[in-house]
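There are two complexes below, and they share subunit A, which is joined by subunit B in the first and by subunit C in the second.
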Partner chain A sequence: MTVYEVFRQERKGQPFQHAGALSAPDPAFAEVYAREQYGRRQESVALWLVPRDAIEELGDFVDELGRTYHRVDGYPLKEKLKEARERAAARAG
Partner chain B sequence: MSELLLELADDELVIGWRDSEWTGIAPLLEEDVAFSSIAQNEIGHARALYELAARDLGTTADQLAFDRSPSDYRCSALVGLRLVPDWARTIARRYLYEQADERRLAALKASDDPEVAGLAAKIDREEAYHRMHAQMWFERLEDEPRFVQALEELRPLVDLRDEHPPELAELWEEMTMVRRSQPAGTTW
Partner chain C sequence: MSAREQEFLAYVQDGGQVETGDWMPDEYRAKLIKFIEMHGNSELMGVLPEREWILRAPTLQRKLALTAKVQDEVGHAQLIYRVVEDLGKPRGACLDDLVSGRAKFHNVFHYPTKTWGDVGVIAWLVDAAAIISQKALLKCSYAPYARIMKKICWEESFHILHGRDVVLTLMNGTDEQRELVQEALDRWWGPLMQFHGNPISRDEDPMYLWRIKSQGNEEARQGFLDGYVPQIWELGLTVPDPKLRKRDDGVWEYSEPDWSELRHVVTGHGPRTAERLDLRRAARESSAWVRQVVLAEAA
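And now, the complex of A and B:
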């Protein structure tokens, strides 16, 4: 049995999103099961079936030096605002 | 015409019940889902067909579906059989049923009655998925002796409508039990 990851598109033009997985002995069975489980209620306009083995998973992203400025969440605005206010208050005082 | 609609409706109702007997116990989770949804579709078709027949016969869909005696049902002997837990025969029945159903729907789609033709076309669009399911199993099992034997054993039953297997009466008991429990004078 092969595990297929199923991605579905809700409306034309929208990105495909991961919907779940199914297991099937070959692509013909996978197609029928996918239609049955992810398409029969008109909830999708298209499906992608991807054998799980075909997916290259990458992980383990190191950030030894803690360079948070590479990330969107590297700028905790609340903290920075607080510091700026304190500086402004100190100057004014 | 209502005779033909009743044959088809009885077939769809009974095979829907039989297919639903796999819910929760099919050999694969995916088949559990497939059989359950095929069963729902078939019973939906039965309902639409009974409604159409009921108008011609001056009765209601529920009365046609549940208030006749088991021997009055016009369904094929193929669908009455209780096949759980025999998967080979279950798949053989689905395959034979869908083949026969396809021929019958093609004839009804060409009917002069626009309501009948329209309903047949609607049903056929759903049956296309059932045929796809049956066909893929057929291609996978066609050389399996158990499956070949099941096909041979069941094929003669497809057009047999005047005799019912004894378990059809048992199914009818189950199918109508709740309806018959209704206290006199009440309606659903």
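And now, the complex of A and C:
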């Protein structure tokens, strides 16, 4: 038996999302099971069936150098903005 | 508990979710298998009382709807056993344990269905009680189980409507039809009140400790009473419990459910336990050749 991961797309243009897994003896059975489990009420417009062994999972994305400069959380503007407004108001006097 | 297990426990208690390949404590894995396997068994055994009524359903539309519900429930069992398989227990082993009587399934599926009124009450109220537990599983700490619960809850909501439609049709019919519903409600109320289990505090419930469940038993029962008793009353039906009432603080009071009956039934001594397990065993044996042929051809 092969385990297949099933990804379903709910409407055209939307991302395929992981829905579950199924096990089947061959691709023909996998197709039948997937259609029955994830499509028989027209709840999907497309399915991706991927043998689990074909999936390469990557993880552990470590930010060793604390590189906040390429993320939005690296730019806390609140304090600076407050100060700038106060300065502008003072200048306008 | 080791430091690593403590850390894991704190992680799930903080709302963290776990994937199949992640490290997990052995105890957590064992609890997951026990809980999810029982759910799978219940889906599979739950179709047997309803299956008995496909040929006796009053109209073609009802036969089709009931057949579709049976197909859905068997599909849920397939999805759930797949999750159990990834945790380390093969589907074949789950089915062997089920038919040999070693594994448990929900109390409500051990009882007979006497009339078409039972079919309506099961599809409406048993499924309603089940969906209250199942909705809480959408937040399960084990993510693959939580994900398939989305599909399961989606299908269960149609089952409840189907059941309510059957009940409403009978209630709008003759006195005799209304009587069928009342009798069925009288029969099912006891098992329904036992369904969510004894009122153990959630902090003493190991399934809650590991955040496999996200609500306690009594919380689930209160949710069921709050959601459905008003719907039962508005149809002019009587709930067979003179003590049932909603207090001013919103808590429902009720007569103590028969916990010894619950224990007796779920340990394999229900009125239809043996008969239904025989049927499941016969189905497993008579379909063995199909599995052999298919697996041999695929090999």
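FYI, the second predicted complex is superposed on the first by the 71 of 93 C-alpha atoms of A that agree within 3 Å, B and C clash if a C-alpha of one lies under 4 Å from a C-alpha of the other, contacts with A are read in each partner's own complex, and residues count from 1 in each chain.
We take it that contacts are C-beta pairs under 8 Å (C-beta built on N, C-alpha and C of every residue); 3 or more make two chains touch, one makes a residue touch a chain.
Fair warning: this is a prediction, and the values are worked out from it, not measured in the lab.
J.: Put subunit B and subunit C onto subunit A via the superposition and say whether they clash or fit.
T.: Once subunit A is superposed (C-alpha atoms), there is a clash between subunit B and subunit C.
J.: With both complexes superposed on chain A, which partner does A:E36 reach: first (subunit B), second (subunit C), both or neither?
T.: both
J.: Between subunit B (first) and subunit C (second), which does A:S23 come into contact with in this model arrangement: first, second, both, or neither?
T.: Both: A:S23 reaches subunit B and subunit C.
J.: With the two structures laid over each other on chain A, which partner does A:R87 touch: subunit B (first), subunit C (second), both, or neither?
T.: Touch status of A:R87: no partner.
J.: Thinking of the overlay built on chain A, is A:E57 touched by subunit B (first), by subunit C (second), by both, or by neither?
T.: second
J.: When the two structures are laid over each other on chain A, which of subunit B and subunit C touches more residues of subunit A?
T.: C
J.: Once the two complexes are overlaid on A, one stretch of subunit C runs into subunit B. Is it 6-14, 24-32, 60-68 or 96-104?
T.: So the stretch of subunit C that bumps into subunit B is 60-68.
J.: After overlaying the two complexes on chain A, where does the subunit B footprint on subunit A coincide with the subunit C footprint?
T.: In the superposed arrangement, which is not itself an observed complex, subunit A uses residues 22-23, 25, 29, 33, 36-37 for both subunit B and subunit C.
J.: Tell me, which parts of subunit B touch subunit A in their complex?
T.: Listed in rising order, the residues are 28-30, 33-34, 37, 129, 132-133, 136, 139-140.
J.: For subunit C, which residues are in contact with subunit A within the complex?
T.: Against subunit A, the touching part of subunit C is residues 21, 75, 78-79, 82, 85-86, 91, 144, 147-148, 151, 154, 294-295, 297-298.
J.: Which stretch or stretches of subunit A touch subunit B in the complex?
T.: 22-25, 28-29, 31-33, 35-37, 40
J.: Which residues of subunit A touch subunit C in their complex?
T.: Listed in rising order, the residues are 1, 3, 18-23, 25-26, 29, 33, 36-38, 43, 57.
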